[in-house]
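Scrolling down, you'll hit the structures one after another.
Next come two complexes, and both contain chain A; in the first it sits with chain B, in the second with chain C.
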Partner chain A sequence: MSDQPNTPAPEQPGVEQTRIGVDSWVAESEDRQARTRGFFGPAARGWDASPDSVKLFLFIAVAGTLPFWMNAGDLFIYGLFTVLYATLGLGLNVVVGFAGLLDLGYVAYFGIGAYGYALVSSDHYGIHWPTLAALPALTAFTGLVGLLLGFTSRRLVGDYFAIVTLFFLQAFLVFTNTANPDIAGVGLTGGSSGIGNLDPLKFFGYALTSVKQQYYFFLAVLVLATAGLYFANRSRTGRAWRALREDPLAAEVMSIPVNRLKRLAIVMGAALAGLCGGIFAAIQTAVTSSNFTLNVLIFIFAVVILGGLGSIAGPILGAIVINVSFQFLQPQNDHPDIKRWLFYGAIVLFVALMKPWYRAVVVLGGTLAFGFAVHAIVSATAATSWTGGAVTDTGHASVGKAIADWVVIPNQTLHGGFDTYAYIGLVVLVCVVRSTSGWWRSLILIPTLYMTAVVWETVLAPSPAVTAEILFGVLLIVIMTARPQGLIGTARVEIV
Partner chain B sequence: MTTPESKPEPRPLLELAGVSMSFGGLLVIDDLDLVVNEREVVSVIGPNGAGKTTLFNLITGIYAPDRGEIRLDGESLVGMPPHKIARRGAARTFQTLRLFLNMSVIENVMASQYGQTKVGVARAMFRTPAMRREEREIRARAEEKLSFFGERLMGYRWDQPAYSLSYANRRRLEIARAMATEPRILLLDEPAAGMNPTETHEITELIGKLRDDGGYTILLIEHDMHVVEGISDRVVALDHGVKIAEGSFDAVATDPRVVEAYLGTKATETK
Partner chain C sequence: MHPLLFSIIDNIRSLGWGGAFQLLRNGLVLGSLYALIALGYTMIYGILKLLNFAHGDVYMVGAFLGYGILTRLNGPLNLAIGIVPAIALMFAVAMAGSGVLGVAIERFAYRPLRNAPRIAPLITAIGVSFFLENSVQLLTNGYQYTYNPFELGKTGTEELGPLYHTVFSVAGNPVTTVQLFVVGAALLLMAALVLLVSRTKFGKSMRATAFDREAASMMGIDTDRVIAITFFIASMLAGAAGVMFGLYLGVTYYFMGFLAGLKAFTAAVIGGIGSIPGAMLGGLIIGLVESFAIGYVGGQWSDIVIFGLFILFMLFRPRGLLGSRAIQKV
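Then we have the complex of A and B:
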């Protein structure tokens, strides 16, 4: 990039004249925005231009209406758990996103908070602290544990810190699950059965027992944490965190005490996780060590990374996307017919985005015709058992009939190996599609799409538990491929 | 430009006495004595590998010397962590630019004021009046430092990420970032590297302005002899970690040992 023409700099600098010019970077960036936003441009620009406080209030307004149209079960898994993961994500974001420390022991703080609440608010030891004492105390205590662990971050940088913190998490799990030392005649952590019958959260004699009350309380905690971290991020501490994440050596030389700020980030993340743990324990009214496994850690990391490392809104959005889609896909929260429509809808949408438009029409029409042709050929030439399988979870009889007439679904008991071959066939076809181009690609796309439908009907729909995991994984991969920097995060430039 | 105003009596600001430093068996700085007086521009020259950048790393606390004493305004810096040295008043730029590339231009200059500001994270989370006042001061100081560079780092560039700047502007931003730590002495590591002649001339003028208007003391590493000649009150030549010459530019540039260090004298010795 060339600099400005050879004119000497004026003696009086133009401090007052902000934004008088537009250089190439600004122009390009605005160009990019206008181009990528397309149809939704005005709305997106309006959203970008509105102050952050307005965005937060919009979020509160929308989140606040959930209890009015959701039943308690849905509110628990979609509302409460999303808020829990969002708050945990915010705390992890301080450690990983702001300070750039790979803390794999994060869930242990969550667990320490939960067990802490269980010890001071249950019949386990007969101690019943008021909530207003218990929550701050265990928040401070987990912060202290974080501080102790944080001292290792001085010498252990990068991957080594990750190893030590992961070890800490495993040690915590073993301690709570297996060690369970006897203190005052009772096992401290209750072993694998954990501690039950915890006191509910209680403020000034008002106990939070319904899901609705707990949801509002946790939402308030999330909003306060968001606001606090937002302001912290915009202070000298936040700038120092970002600076040390960019270049620790330069930050240190620029008067920033790198080690102290790392510890501060770990302590703040740990304290927030401890607070979440306390509230979580009170809501569950029980704690067991199975609540704090590696799965939870991976889930929270996914929330933060997918949302956008280092942004405040990122973990909240990530928690919404991940938790809602994950819970929705679970077989016990059953909406099989909706899942089918989403599946076919996504495929149709994918094809419809092809250019030019008539190619999409040819492919879709071709797939439909191809299906009926294959079905007719199979039913005419092969035994009836080849098309005699049952359609899983139709939701509506006519839909089931239509699918059974279009997709070849063999009888599972007579042709047990078919689903495996359908799977392999699909993979082969996808590989072929990837290696062709132009009209050939469109042509081969037709049997591929049909095979996708066959696989869905014969393999995925009948086994929803596996399907949920696969689709959840696919969703994460698609989002992370489309936006490697996270949904909200900005792409970081390493070297230019 | 070339000659400073006469000063009543030079007061030593930075003093190095008998400083030695080796990496394994390689002696990089050998028994070095160096004094930089207040409001003086001292240039360090020498061929590649002479130990110039190591000298900066020693002063700013990135390395600890094996032997010797480093004092800033009479206070020993040996064993002090870099951020404390920065707070005592020694700020530097890097030869290989080390900006906070993904932060905005003004944030770079605001971040380096950490050491002289006070408000902690708790007050920041509640956005107390003291915190907001300090934020305004930080912002004002950052704008003041950036305005030192005239239109080069002007208004509309402030909110751009640092990586969007040209190479020369990144060098300027590094100087601005170092200035924002409010140093007593600025250590500039090849500020003119990668600049065209016009920009080099501009940097030379800027360094003069930093000393005369800004009141900074400057220790400078530079390969461009036009810059060194134009600005230095004193020149120190290093070779293999040893000070081989010291004095005015003309004296050092014509010193036979310096010429030898750069060019070699005997054909038999050159490989």
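Then we have the complex of A and C:
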């Protein structure tokens, strides 16, 4: 690390950075005061004052009511999946957030757990272990796999570990999907079609078959994992992990067993992922390797990073925000207009957070006026095909009409290359906005926001699944460069 | 003995010397592509100690830029200009475009995190890679696009275009123009890079920045500029590799950068990360191993063989073949 100079990075407006040479209590005092003022002040004070156990019980109380007012389908995609991603996020947080190791093979443990459950609880080999034996065995087995991979981490600092684990994930995918070796006359992993007809979770002769039962079971697992990690984080081991994350070399000098702690973190994360995999497989009643791709990995990373690396509540909050918005973007769960409200709502919120307030007003008003002006110019000078494109999936016809009068949507079949140029243009504009400041930035923000709307209506909204993946990539970049502590983590303050 | 071993021996017997030559030839061509990408990894790692996950995707974007130029020139069958200027134009645009993309990535994703904890730029790099991959998927609808290189510049009744003419044969196994071209162009680019790094003043400031950024900036070297130019050169090489891949194997698709990047990084590590000759050597080794694994073991196992090789190197010689022993300074 010696080659990293200690000079502070040039101050960038609007970018919260690690502040060097300031005591954390002093640095955060303004934020603390601001939190207890204003309309939500009392609520924020009460939240800060209540002990962590109360917060957890509040979460359980709210989460426990979901099955009473959601139908089974909604409960499955909004409830169960959120709990799944929260649990997976907690496990990843142990490795990435506590110990500071970039584990990119995390989804492979999840997959090993799922495939393990499929092998010991289905007709594939005719083995039917009781759930109470299968889940602990899987958890132990994935932990062991993590341990084996962790042995390589002794030599591997940082990036090497990341690439070894990423390669491990790739090898796992190839192994399950393509290689599929014959064992006892049957392909071990069932190739691309996977393994189906898995046994449901069954405890003492009582099978969990309805979504409601499965949700409560998974919620219990999440609560137990949260509590366990809460105590682990506050224990001596947890403090040692933080020391290791901040500076491995200094930690080693302080006689902290660095390698053993790294392995412990990897094993704990892997075991939790394996357990999730087993439960996930039982709930889905099938496993295929498409459930464990890089996309899932990025999803879990987005969950952990949005919530805040190293915090316990972070992954849960991240899972709620990301899973719910992700499910809204899915084409099969389409609610009329909701994508559009989310999108324009996010833009307005983004602008409204600008300081001072009149700048936000200027930018919003300017964007509206700019849009109408561009639309008027284009429809007056160019062929009608340039504004003749259809607005996709409108709930209310009036909303679609208003959008079509404001955003330039060319006819896709006549102007095929438009989407590519608009998209690249938007990326360039965003880069320009990033490198300007002050009123110039606000000025360039106006066409940028309008361009965002154009690209959204012409390119992004018609293919929401890929849009979600793009947004995850952007989220990782934006959070790491602008707010590395995530939503509820605390900013790092280096004391020199 | 395991049935897989039997099948390997069977394959070696049935393919014979001719088959072995084909595998060697394919491995060399593939290896020079990996070497070009690996050079970028090694340069960026050397100067920033950052594993640039997005590098494989820059290579993919390069391949698409080449494809875009090819279609703007009316496609491979009725090129608007001659085949040599057309290929030169494809290379020029792809290299310039990828280079600019690399500089933009460095400027907006990595530079704000220059002094952040090590894990932050790594996560950003994954984000950039994912962003590029999915943006291209969005704009290409996830389709594969083919260069149709065997038709490139084809005239009249010819069966194959000039790129697929046989230059010479070894025991009845043809070596085509495009294969020679890929290996030759890769060697040329590598030679230019070695000269740049070892002989020019810029190369000297690059080496100084890689050695110790703080000291280099105290000596009056604009390290930010040096890093940006390094990204430009590294991404340029990746873009060139992308066009070569398109001309050699024909297809380009949004996901091609992921595996190629992973293998090229393996190549850089096996050769010794931070070492330029090491990246070339590692690239050739990975290309040959992959080609022979496909021929003798089976295509579905080749990735797993490379992964195994990588793990072995990590366990027993983490500094690679030509790398210097890393000493952690306090």
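Note that the second predicted complex is superposed on the first by the 310 of 496 C-alpha atoms of A that agree within 3 Å, B and C clash if a C-alpha of one lies under 4 Å from a C-alpha of the other, contacts with A are read in each partner's own complex, and residues count from 1 in each chain.
Going forward, a residue touches a chain if its C-beta (ideal position, glycine included) is under 8 Å from a C-beta of that chain, and two chains touch if they have at least 3 such contacts.
Being a predicted model, the structure only gives us computed values, none of them experimental.
After overlaying the two complexes on the shared chain, residue contacts for A:Val96 are found with chain C alone; chain B is out of touch. Once the two complexes are overlaid on the shared chain, A:Arg242 sits against chain B while remaining clear of chain C.
By the touch criterion defined above, A:Ile60 lies against neither chain B nor chain C after alignment on the C-alpha atoms of chain A. Using the contact criterion defined above for the overlaid structures, shared-chain residue A:Val374 touches neither chain B nor chain C, since it reaches no partner. Of the two partner chains placed by the overlay, only chain B lies in contact with A:Val258; chain C stays clear of it.
Once the two complexes are laid over each other on the shared chain, residue contacts for A:Ile305 go to chain C alone; chain B is not touched. Once the two complexes are overlaid on the shared chain, A:Ala232 sits against chain B while remaining clear of chain C. In the superposition on chain A, A:Met268 contacts chain B only, with no contact to chain C.
Residues 1-4, 6, 8-9, 15, 18, 246, 249, 492 of chain A contact both chain B in one complex and chain C in the other. The touching residues of chain A, when paired with chain B in their complex, are 1-4, 6, 8-11, 13-23, 25-26, 227-229, 231-232, 234-240, 242-243, 246-247, 249-258, 264, 268, 490, 492-494, 496.
The residues of chain A lying in touch with chain C in their complex are 1-9, 12, 15, 18, 96, 100, 102, 104, 152, 155-156, 158-160, 162-164, 166-168, 170-171, 174-175, 178-179, 245-246, 249, 294, 298, 301, 305, 419-420, 423, 427, 431, 434-435, 459-460, 463, 466-467, 469-470, 472-477, 480-481, 484, 492.
Every residue of chain B that touches chain A in the complex is listed here, in rising order: 60-62, 81-83, 86-87, 91-92, 94, 98-103, 107-108, 110-117, 119-121, 124-127, 131, 134-135, 138, 143, 147-152, 154-158, 160-161, 163-164, 166-169, 177-178, 181, 196, 198-199, 202. Across the complex, chain A is touched by residues 45, 49-51, 104, 107-109, 112-124, 126-135, 137-139, 141-142, 212-214, 217, 258-259, 262, 265-266, 269, 300-301, 303-304, 307, 310-311, 314-315, 318, 328-330 of chain C.
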